[in-house]
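Shared between the two complexes below is chain A, which pairs with chain B and chain C, respectively.
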Partner chain A sequence: MTALLTILLAFFQLAPSSQNTRCFLCHGKESFGVTEQGQFRSLFVSPREFAASIHGKFTCVQCHVDVKVIPHFIRPQKISCLQCHFEGNTAGAPVKWMPERYKESVHAKALEAGNPNAPDCETCHTTHYVKSPTDSTSTTYRKNVPELCGRCHKKQFEAYSKSIHYKALESGVLGAAVCTDCHHEHDVLPPSDPRSSLSPEGVVRTCAKCHSDTLLMEKSDVPVQQPQAYSESFHGIALENGMVKAANCTSCHGHHDILPASNPSSPINPKNLPKTCGKCHPNADQNVAKGKVHIIPGEKSAGVVYYVYTFFKWFTLIVLVFLFVHIILDISGYVRRKYARHE
Partner chain B sequence: MRDTSRDDKKLDDLTEAVIREVEADENVKLDEEFRSGLKEELVQKVRQHLEAKRKLEEIRKNKEAKAREENFPRFGLNFRLQHLTLAIGVIILIITGLPIKFHDSVVSKLFFEITGGITVSRIIHRIGATLLIIVSIWHILYITASKTGRNDFKQLIPTPKDLKDFLQNMKYLLGLSKEKPRYGRFSYIEKFDYWAVYWGMVIMILSGLLLWFNNFFLGLVPKFVLDVATEVHSDEAMLATLAIVVWHWYNVHFNPEVFPFNATIFTGKISKEKMIKDHPLEYEQMKSRSREMHADEK
Partner chain C sequence: MDNKIPRFSRSWRVQHMLLMVSVLLLMISGFSLKYSETFWGKALIFLEGGFQARGSLHRLSAVLLFITAVYHLLYISLTKEGRSEFRGLLPRKSDFVDLKNGILYDLLRKSEKPAFGRYSYREKIQYWAFFIFILLMLLSGIILWFHDYFFAFLPKWAFDVSFMLHGGTAILVILFLLLWHLYIVHLSPGNFPANSSFWHGYVSEKWLKENHLLEYEEMKKKGMTTTKDEREA
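Then we have the complex of A and B:
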């Protein structure tokens, strides 16, 4: 069966365009469609755009396998991407972990539960015009991702569009965080799932992925020590060791509408800090703005803490050298006295 | 058993030789009866001397053993309980605190796994902290309100003699002098231990309270004060732990003179032998004081 399919596919691949011209005789007309329950449904597929897509070299019937005769008079079945994108396929379709992980995602779960609006592969990748995510005209191209997700997640997109991330993206920093950097593309999991990139512990790793990337941060002139400083802070240590309520990145920075401290509406703007810290520390007042955040004690930028650290470093060293020398003298004195007595 | 017949024979030969020497000197010949009487007398005399010598030796040994067994009270129950509370508190604090400082190490991860995470270990840490705070208040009361406490505290205050003792001890340890410094109730080593704890307690309790009641203090002090408290708490903890493990444990456990364990702080007793060796001045003071007391009684 597989062998037969291979031969068949190989045959069709020889002259896909000539095969497709028969389909496009009808489907290539913009006005082509059917009326279902009083509503017009377009059945138009742009031959030009299809040819430009990543599947352009294939024939229509390679996916629509139930179309045996052209013209067809029965409605073809809904096709599945997994027809080709499965492990061990012979069509050369790239198979990664994506479809498998998608099955675990909130999207797949919602679809399974019967939500007709939950996205399937084609919702994001389109049906006939699938393009590589590196293609700037693709729906899944980094710069197009926010709008793609925003088609359904309108509120989130609105908040995100105010953020520094979106601003950077718009100004041409392609590495700026888009939806999928934090939520992932296929394995979108709820924050309550411990495997999620957005679980309290996951958030820290998710933000650190970019924010400890020196090259990327240099491009946007963002300090790179934050994730390290956070993981050395009590918040970081506590979160890492089981205190879920400890502040993670988003507790203070927000998430979709992340803004730099200089922005007056940012939760980390000095003026807003009492309120932000106050979420957990109700006594917080203007005092919380007096002092640096994300400090590494051993670095001069830590200010007064650096001097405390340096004092203790030398003090401890000197005291211990003194103690060790005293102990060694004590032992050597004991040994010599004992030796002298034996003589 | 001693071979008495052989000893007698030896003594017999010896006295015989002595008598012969005297006979030769005086150029006389003593008769047999007189000679045997003289011999017996001489043997007895030598025996008596030997016996006396043996007895003296025994008395000396007994005295030494007695000095080793005879104990002096060194620390009262109050003082010992303070140390015990402090020791338990500090051990709890070190065990629950170090994993936070070294949170990346495998041992720390294991610790958090066993205890059930930082949410549990921080409670244990605060139990230790409470013990430490209790003992610090207790000690302040002890050195102000109690007579023994006041007296002990006075003797713990560093004096120029401690510097002299230190220099003398260095000479002694280096073999430049044969004389060991003569310490009073507390040697400079013990004083150092005491004041190191004093300094450590003040720093750890103050910074610890700032961190424990961070929400309360956030309304009082700028954030950088809490940052300093965090740093100080972590650094001083390290210094204190090292001082305890290196210095204190050497002096009371690993020092070859006391190995494996100097129990005085738990039993409160010190042997007369050690008293004379380690605290000669205090010993002399005690002796003269008791002499005065006896004189008063008379």
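Then we have the complex of A and C:
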């Protein structure tokens, strides 16, 4: 008897979807819904898609804990992801830093302030069809992120969709920057926040994350030395020392609609450089386009600067040797003469 | 008893003092920027009153150096004393012979030290090295300081070259100061701990005889090696 019960229990435990069939009797019908204040609200949940989601092996009532009898006649409470995703949970739900970081974000702050459009977990992750971000059908899959954010941020998406990053993404470079690479997924902070990935100092680190990644840059045929060269430049050193008015990456390259220098509408196109530099340096004219930007003096690509650098390197070394030899000669001569006198 | 012989005029000493103060300040404020990512660079910037104050200090000292340079150029071109000093500092064929003999002397191949005039190859190397360095530093420094103005005339690479030149020359300046100037006037035998003539302008008769024999003999001819009391007696 006990054995039979155990088997039965195990059966229900192992096959939760069979438990969900009772829910899907109603919720599995596409036309199922209620009319609230004259508006039809669908209560349909696709059994197939739910089963394919990361939560597909769970029963509906594991989240909708207030549903005790089926069919239920009261509207279940809005559920919270933190019901399971908390430290020490027994359901085996992974606990990461995301919810905590989210609480600091502009999204959470807007939600707290009463903005009904501010996104919560389910806005991006969906309610019933949550999938891993590595799943290409997930809303949070890299390639789908721009459209996901673009659902609300229409203007930004429009600008971004013109950019070289989006073009690369479309052409299959999955590593190309999407919204979340710069803005972060959960801890989206305003640029005015010093912790933000988009504060003046943060921007440089944010861009460098990908632009100093040799493998990724090789794949996209983009030179990898830019972040290092920037950090050694006037602008980079000034910014590093707290002069936030110094130009950072976005000051010249723009942000959402970043385009390569070869594109005539890019702010770093040689024709547009006087205007771009002119934002801070009023006398800038075509001269600013004569010469390379982001140079590393020790590399041949730096042009004339490389030769000046090389001259100084060798000349300094020769001078150093000459000065040392002179001192050693002088002291040894003095000592030996003194010694010779005592003989 | 050692006689004190006057060697440097007041103008010379004032120029040296101005140069010393401005170059020291420029080095402290300059290297703290060049090495701003290091611990000691950060410490220096802090002592200078922060990043912006560091910049102001550097530019202020640069103005002092500029004034010193102009003063010096006027001195060597307009005053009789300056012209004669400058003539003494011009490189001559004999300097190369002196250099060769100096090395042979130090290698014990020659028993006699070469007899130097008022300025030996040592002082001449020092003078001309700094003459060129200061010219380069002032030129590149002015371009970097007034970059907004120069944008109208100079291509972008000229600023990169100036930047490179400014930093590269700075290293040469400090090398020459530490290993040539500091050695010659402070650490070399006979001068330790310091040759104080930069301050009061006097050197001892013994020192002059040992280091600048020809100058000593000339002074002797003029009767300047004797003290006032001896002359009167």
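As a working rule, the second predicted complex is superposed on the first by the 326 of 343 C-alpha atoms of A that agree within 3 Å, B and C clash if a C-alpha of one lies under 4 Å from a C-alpha of the other, contacts with A are read in each partner's own complex, and residues count from 1 in each chain.
Simple rule for what comes next: a residue touches a chain if its C-beta (ideal position, glycine included) is under 8 Å from a C-beta of that chain, and two chains touch if they have at least 3 such contacts.
Keep in mind it's a predicted model, so treat the numbers as computed, not measured.
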{"item": "Partners on chain A (chain B, chain C) - clash or fit", "value": "clash"}
{"item": "Partner chain in contact with A:K279 - chain B first, chain C second, else both or neither", "value": "neither"}
{"item": "First (chain B), second (chain C), both or neither touched by A:K103", "value": "neither"}
{"item": "Partner chain in contact with A:K154 - chain B first, chain C second, else both or neither", "value": "neither"}
{"item": "Touching partner for A:G333 - first (chain B), second (chain C), both, neither", "value": "both"}
{"item": "Touched partner set for A:L320, first chain B, second chain C, both or neither", "value": "both"}
{"item": "Chain B/chain C common contact set on chain A", "value": "234, 237-238, 240-243, 277, 281-285, 287-292, 295, 297, 302-305, 308-309, 312, 315-316, 319-320, 323-324, 327, 329-334, 336"}
{"item": "Of all residues in chain B, those that touch chain A in their complex", "value": "100, 103, 112, 116-119, 170, 172-175, 211, 214-216, 218-228, 230-232, 235-236, 238-239, 242-243, 246-247, 250, 255-257"}
{"item": "In the complex, chain A residues that touch chain C", "value": "234, 237-238, 240-243, 277, 281-285, 287-293, 295, 297, 302-305, 308-309, 312, 315-316, 319-320, 323-324, 326-327, 329-334, 336-337, 340"}
{"item": "Residues of chain C that touch chain A when the two form their complex", "value": "33, 36-37, 45, 51-52, 103, 105-108, 147-149, 151-161, 163-165, 168-169, 171-172, 175-176, 179-180, 183, 188-189"}
{"item": "Contact set on chain A toward chain B in their complex", "value": "234, 237-238, 240-243, 277, 281-285, 287-292, 295, 297, 302-305, 308-309, 312-313, 315-316, 319-320, 323-324, 327, 329-334, 336"}
